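Heads up, there are several structures right after this.
Each of the next two complexes has chain A plus one other chain: chain B in the first, chain C in the second.
Up next, the complex of A and B:
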């Protein structure tokens, strides 16, 4: 039997606290001693380049994966030590919006949103129908409850995923790349929905993204994960203004979206010649 | 150590071996009998229709053909010895003891076992299984258990139906081709088999249903990689199901008709 989760006494407004989090794959550290806190009401954006460990971090935060070491305190309970029953109880307090929606293809949009309500609430079916309509209205998809996910566009699917994640009125919303693959208008629509969720409904949001425009539009607090030589480290953390003003070259290259800089994805001409000579 | 359903339902933690899958299915079914709302009749009914009822036409056609084949093949050999009257005995015994359960199970493997493995595999690839877990819904309870119960109910029913249809195939050959009176065929095919012949076939069918659905679900839930992984899982589900069904058939036949 798993030991009971350690109850910590974090500051009252801290919803999520990550301590000394390490994740290794075959000895290689993907996440290397991360420490951060998410406070109630924040829109906390985790950004970083491809392969920096954003998705791994998100999987650990939702309890889908156990870290190599360290702890994740969600609502004051360490989910890395929680038993499956305890984890399920904690999971009812947060929602997860998957990158591609992860909608059940065999169900209609309405059934997708109603599923968590049917499974975890004692609400009358007629009331569930009404809640589904309200959630669809919230994401701007009124009248789509009888559509199948395959009949929707990518942006609509993401919005249905958000509606499903908000079905049980969670205190915390995790969102994985909510705007990837969307056109600028749809990106703005999804960003506005995330803002509405936090400002109007009072949900705390943890968003993983590499879309800089979107990040700066929605974030109240930002965290940048490094890759390459700084793999798995926190390069910078702060408010959007602090991030913009941070002189770290890794961060600035990423924020400006420049090809040349300390984040090497290709060899410079000199390095390439050296590389060839070494091989020769 | 005190027994609790939670221990059984979460046996093995995040690992999912074939043995653990069986343990968890058992755990959820037992838990379902003690707590309302765990086993949802509408979900089981939906699976009965999808993996059982919709496979009936194909299983019936195969059973009818097997009835024809058995009667025709036996008539050529038994006819030479003037033992035509034993054809109904042979058809009914073969269908009840062996061919009915085996062929219906193989048809259901091909049609429903592969569909279950591909469906669960695609759900795994599309993060739908992960989404269920994050919504605090156990995928084994929600996806596997209704399919398991549906097939455990439907496969014996389909086998009994298939045996009856196979007997009709044998009757058609015996009466139309061999000129045997209908009453003679019916009496012989009903008198010769004992009740145990029918029961042994049904017990075999229950074992086949268990093998079929657990292998299909196990392969589907363990898909790695994209479309290629789903394809591999579907092939493995069909191949391993048929392999283990035939091995189980050999063992059960030995037990029922030689050891007991």
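Up next, the complex of A and C:
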């Protein structure tokens, strides 16, 4: 089933464009000249090992962090140059599903989901109550509106986080490790929710993950970030079929989850010796 | 979003067109509140030209559905395009509302009393 555009087709189908993006910490490049585009209706999965800069990239994509250099055009506007007021306006068009839900513990589940609607819309409170119930039904948590986040399992909290991210019916959904820490069944449930959002109602999704099963299940386009000697580079980009067929040993080691390969667990003998004898 | 009204076989038909989103759903709400206030006995919403409906639009429909129950008003929706139908399906509103494939089928069912 091909993804349906959510609203009227814009002039360009590119929703997100990253150009020459660099992020350095203390002179070390964590992201090193990234270029890529996300098109409407795609489920664009960004993969990579721990420390490859996935979270940094996501923070830059949502405007939570300014990069060292480069640009990020979201809905045609460069968010690296946007004022706080402009960013607030752009943020109404996307939802962010945080890794651990990022729910307010003092609020109920219903209040958490209602929050974006109360803060950013003029919708009548009686209608917001119905919207909250619909979002909970969407994520399979009907009847949980009066629970506190602390009374829910990790998987349930993740689904509440997704419901909150979808509260304003965004055109674009960012998800940070939506299935990490979940059992296989709950992983499949969360993946299906992402698929429903993208394929049935035309939401574009950018998902950061290192769960290969989940990545290949939901992705229409994939991008692999390198680490170690290839820190901050795009190792590979393409459809799931192209990624599977890509012979890059770094990529294949990651996709297959193998211990031996170019992604080194330990330093080489020479590098270890240098490290041991290094002064300071 | 545009709303056009006509009456056929004692059924009030509102033909909607455009997108029903956060900006447009108040207009639909206003129209439906008037129908509820007048206790419209039979109301049909034709969605053939509605390209998109968001959660605020769906909530507006639920609100009218609740109101219509209080005065035993008949309420049906017809001609959902696949994308809009998906929005109804995902939150199981297809199980709540009476849906028809087109206006003719809706009018026939409502007139015969099966709606």
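Please note the rule applied: the second predicted complex is superposed on the first by the 255 of 280 C-alpha atoms of A that agree within 3 Å, B and C clash if a C-alpha of one lies under 4 Å from a C-alpha of the other, contacts with A are read in each partner's own complex, and residues count from 1 in each chain.
Keep this in mind: a contact is a pair of C-beta atoms (placed from the backbone, for glycine too) under 8 Å apart; a residue touches a chain by one contact, two chains touch by 3 or more.
Predicted, not measured: the structure shown is a model, and the values here were computed from it.
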Inset, instruction - Quick one: on chain A, after the overlay, do chain B and chain C clash, or do they fit? Just give me the call. - result: fit
Inset, instruction - For A:119, decide between first (touching chain B), second (touching chain C), both and neither. - result: first
Inset, instruction - Have a look at where A:274 lands relative to chain B and chain C in the superposition and call it first, second, both or neither. - result: neither
Inset, instruction - Figure out whether A:200 sits in contact with chain B (first) or chain C (second), or with both, or with neither. - result: second
Inset, instruction - Answer with first, second, both or neither: which of chain B and chain C does A:135 touch in the superposed model? - result: second
Legend entry - Which superposed partner A:127 touches (first chain B, second chain C, both, neither): second
Inset, instruction - Name the contact category of A:244: first (chain B only), second (chain C only), both, or neither. - result: neither
Inset, instruction - Examine A:96 and indicate which partner it touches, taking first as chain B and second as chain C; both and neither are also allowed. - result: first
Legend entry - chain A as apex of chain B and chain C, Cα-centre angle in degrees (nearest 10): 90
Legend entry - Partner chain in contact with A:28 - chain B first, chain C second, else both or neither: neither
Inset, instruction - In the overlay, answer first, second, both or neither for which of chain B and chain C A:62 touches. - result: first
Legend entry - Gap in Å between nearest CA atoms once chain C and chain B share a frame through chain A: 16
Legend entry - In the complex, chain B residues that touch chain A: 6-7, 9-10, 13-14, 119, 122-123, 126-128, 130-131, 133-137
Legend entry - In the complex with chain A, residue positions of chain C that touch it: 19, 21-22, 25-26, 29, 51-52, 54-56, 58-60, 62-63, 82-83, 86-87, 89-93
Legend entry - Contact set on chain A toward chain C in their complex: 4, 6-8, 121-124, 126-128, 130-131, 134-135, 137-138, 167-169, 196, 200-202
Legend entry - In the complex with chain B, residue positions of chain A that touch it: 1, 62-64, 66, 83-85, 87-89, 91-92, 96, 98-100, 102-106, 115-116, 119-120
